[in-house]
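Here's the structure, in structure tokens; my notes come after.
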């Protein structure tokens, strides 16, 4: 998946002079997660800009450059640091255009990697995707496969709207077919990643991988789960979710973040609102335990959703 | 309601030397919303501290003073500025205690006033309560009546846990009985504010007032709505909600913030999870339209939930 | 500097003054909602500085933006219409007093979150530098804004990246009710530039000609050698916004400053040095007043935005409701 | 300063060095997870400064916290146990390398968000001042942290409120891979203090005795007249954290600095001036090594936290799951 993201960035920078990257360690270091390795040498310091450790001016300057006509890709070393740029993201990226009556656009992409499971402790292990999705004006994308990672990032960079593009640190190693060259995936379109007739699993990002594994296990037991990948949290495309649910009448929603006020709550509420007559069993949510993630490996893993949790939840709704 | 909040602060400062206030314009000015009027003269500049305009050090210094044994009440002039202190609120107030194995407590209260409807434009009119409630480690309180405002603020100040205390700017004028002197309301306990047999309206803060008005209108038409006030968003007390719902079998959830990934989604999901067999009709959500609030009065009002919207939603679930 | 330019500047300052006096009345009448932050007393700052900016130079400021908008060339009627929330306003009635903008004249707003527009200024300057344009971004902000993290991150970045930004601090002595010394470690805002090794200056903001001269030098310095911090000493004669109890200052203090009313100071100067006749200045005042009257009429007669405007101009692509 | 104190300081520096070398090995063995930021090369800073702090003085730092923890008096075994995520660790295995703390010895962590602990330091100092205690809060941070808003807001507030904080910048030349000059407008971090009219100084961080002397002066200054910024020039011999490709510096550069290894420098000084015998220093080294061996054993043999620990110590009152 790392290569897919890297490729998308590279191709878009080759294609469009206005695209440039700014963030901490994106240049000389080559990106903390090596996503921009080689970029500094190829594109030079003007287009691959190492910044001071100052998240609010990283996103703020990106917003400013965007309204002035460039197409910045701001990298936040991790999504945990997005809280330091929160005002720029939710009050400026998201609102500048409408607040001034549409006089300009804000074509900024904010890349941020999140996720737990690496023993980084409470402040460095969060999956707070949902809180960004709460703000109208933003688009929030979170791919779960290498192909989607490439297609959605290229679409995000070409979009005239501000896009928060959320990666998952433990997905970088994930392999998968990636069409090279011109390949875009539409923002705001959910996708069925596995077909099945018995139950609908709705998920996104890292949890897509666990959900697919759970589906394989269930299949051995004769249960065929359909796995719908949201891919975009705002705008949220319920179409494929509802189509699937109207066939399976049962759903489990899987997310890595905390359950309370999470993504699953919205998806469940929407299913009940829009497919009430098709509900055969209470929809279940699989999510992170309601704790700041601890450093200790066993404790941390016990708080994160596991494949078995998904399998169990599916069994409960059948 | 202003007096109720003011009283709670005053009484707690009189009671406990360790309690002090810091924030922008809390002193000489007397509070932008006049909540701390007279405090500076009475308690002096050491205990009523005007700060520079620097939200992240306001909350950060409050966190520091709290772990060092004081009981700070940090005032954010409005909740819209909480985004500038986001890292201190969600990464520090919420996590410091558990991250260090419980070596100390973080008895901080963060007061923030929010809400739309005053033509302040997109950045100054938000009701983002839900995103704070998403973080374990925090407690999030949002009273809807003067009595609760007093009782809950006193409880928040005495709590050893970090509490985000959310006020609503258009509730300050609200009148109501307020027990004077020692009067506390427990944090994390929802409350039935109006009894009724036909439908359950779940709400909190400003929307409690509109919900009560809607209930009166409905009552004229013979529909008796029970109104449950959450009062606290984290920890979320579903008990009274579920008790009521098991009797009425119908619910409408009303919040001022945006619908998507809002409070209503969680409450609806929880009702379906915990009272599935009692559901007679799809639960409806009444919330803000998914737009950054515009300045123009008519446009702004057309985006905010109105009494008629609540009445209509109730009619739909009956 | 020729006589016409003096008259133009004088007229502009009077226009801003009268326009805001009219706005105050409309606010009392309930025709303007939300917050209204008047610039009255600070007119010499916007007029002086913007009289020497080039068309390609971008301008951005905080919520106290009426005077700067007008000095950028935004028509008074578009400002007035925005204050009344009309569709003919600079921001189609969606922004209000705090969010005027007109990119046609390179005025980028009008921003209500203290300090948040400083990084935007850095980014716009970066865009110009990236495109090898010689444009400068003029970023106005208050004394109170210099204590927030945004100020530090933005000034530091502008210096490290040598961004063409003229940082302009309108030191009007208070951030709401907080005097500079009660919020800032240093009384001279310009001293903060030393922490960034940045060129800086301090000028009397009640004298439009001194402001203009200082701005000319500062702009040249930016085009030549990067960011510059200009502190302008001024004073707001009215409250922070409408309905300010003003417990934090005495009326004596206000009156003392009013003796240096930038319009009065300028008028005396022009007359004493026989640069312009009283007749010409009076004529300019009448013109300005007529413009304001016309602007108010225009605003009052303009239509409200259509209900559909609520969901317009949020996204370029895709639906609003998810 | 007597001989025993020299030996104690020397032993402490060696202890920190050996402890971290052992930690590096345990990390390679997969027994330590997450990030591991080694202090190797910077030992003179924590030892020198903390050798003169009073027990009531609070200490707080960033994630590069092993050396400072030990210099505060946190037992090596509690540090090692935390690195291994054991219940006997300083933070019961919940914090890890970046979140060591032991309020018993007034060490308040170990914080992983760059700059975020500066406001905490201001707040702790405020609490001490509020209670009329004469305690000082010593706040350590890196050069990279001085470019973030937190630094500005905290230093400004500490000066305006005259808070007893000793701000200590460990300038090890890089913030991750970014050299000071590529991220900071000024090369001398101490110059930033001038923007706050704050007393400041700069000292060679490879010489423990100079550091100690500078800290003594600085602490006295804080107790007397408020906040002070002390810049300590140092260098980290290892990568930013484990697995740093180190593309941003040459091995020559690293080797040049290693010639000033603070332990070597100190040892030579003690021998050259016949302050301590080689025998005594060797004995101290053996002691330190034994301590590390014991600490590793203790950590390895300590139990993992019980599963219930997951929900412990989050709230004082009320349930965890909502």
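Annotations
First chain written, first letter: the chains are A, B, C and D, and each begins at residue 1.
The criterion applied here is as follows: contacts are C-beta pairs under 8 Å (C-beta built on N, C-alpha and C of every residue); 3 or more make two chains touch, one makes a residue touch a chain.
Please read all numbers here as calculations on a predicted model, not as lab measurements.
Annotation of chain B and chain C: jointly contacted by A, D, touch as defined at the top.
When chain centres are set by their Cα atoms, the one at the greatest distance from chain B is D.
Each chain gets a centre from the mean of its Cα atoms; for chain A and chain B, those two points are 29 Å apart. One inter-chain figure worth recording: chain B and chain D are separated by 40 Å, centre to centre, where each centre is the mean of the chain's CA atoms. Separating the centre of chain C from that of chain D, both taken as means of CA atoms, is a distance of 46 Å. Counting partner chains per residue, chain D has residues 91, 93-95, 99, 113, 147-150, 153, 156, 160, 182-184, 314, 320-322 touching two or more of them. The set of chain A residues that touch two or more partner chains comprises 51-52, 54, 56, 80-81, 84, 87, 91, 98-99, 121-123, 136-137, 234, 236, 260, 290-292, 294.
Taken as a contact graph, with one node per protein chain and an edge wherever two chains touch, the assembly is complete, since every chain touches every other chain.
Across the complex, chain B is touched by residues 80-81, 83-84, 86-87, 90-91, 94-95, 98-99, 121-123, 128, 130-131, 133-137, 233-234, 236, 257-258, 260-266, 268-269, 272-273, 276, 281-285, 290-292, 294 of chain A. Note for the complex: chain D touches chain B at residues 58, 89-95, 99, 101-103, 108-110, 113, 116, 118-128, 130-131, 149-150, 153-154, 156-157, 160-161, 312-322. Across the complex, chain A meets chain D through its residues 24-25, 28-30, 32, 50-56, 80-81, 84, 118-124, 260, 289-292, 294-299, 302-303. Within the complex formed with chain D, the residues of chain C that make contact are 147-153, 155-156, 159-160, 182-186, 191-198.
Interface residues of chain D facing chain A in the complex, by the touch rule stated above, are 33-35, 85-86, 91, 93-96, 98-99, 112-115, 144-145, 147-149, 175-178, 182-184, 245, 247-248, 304-305, 307, 309-311, 314, 320-322.
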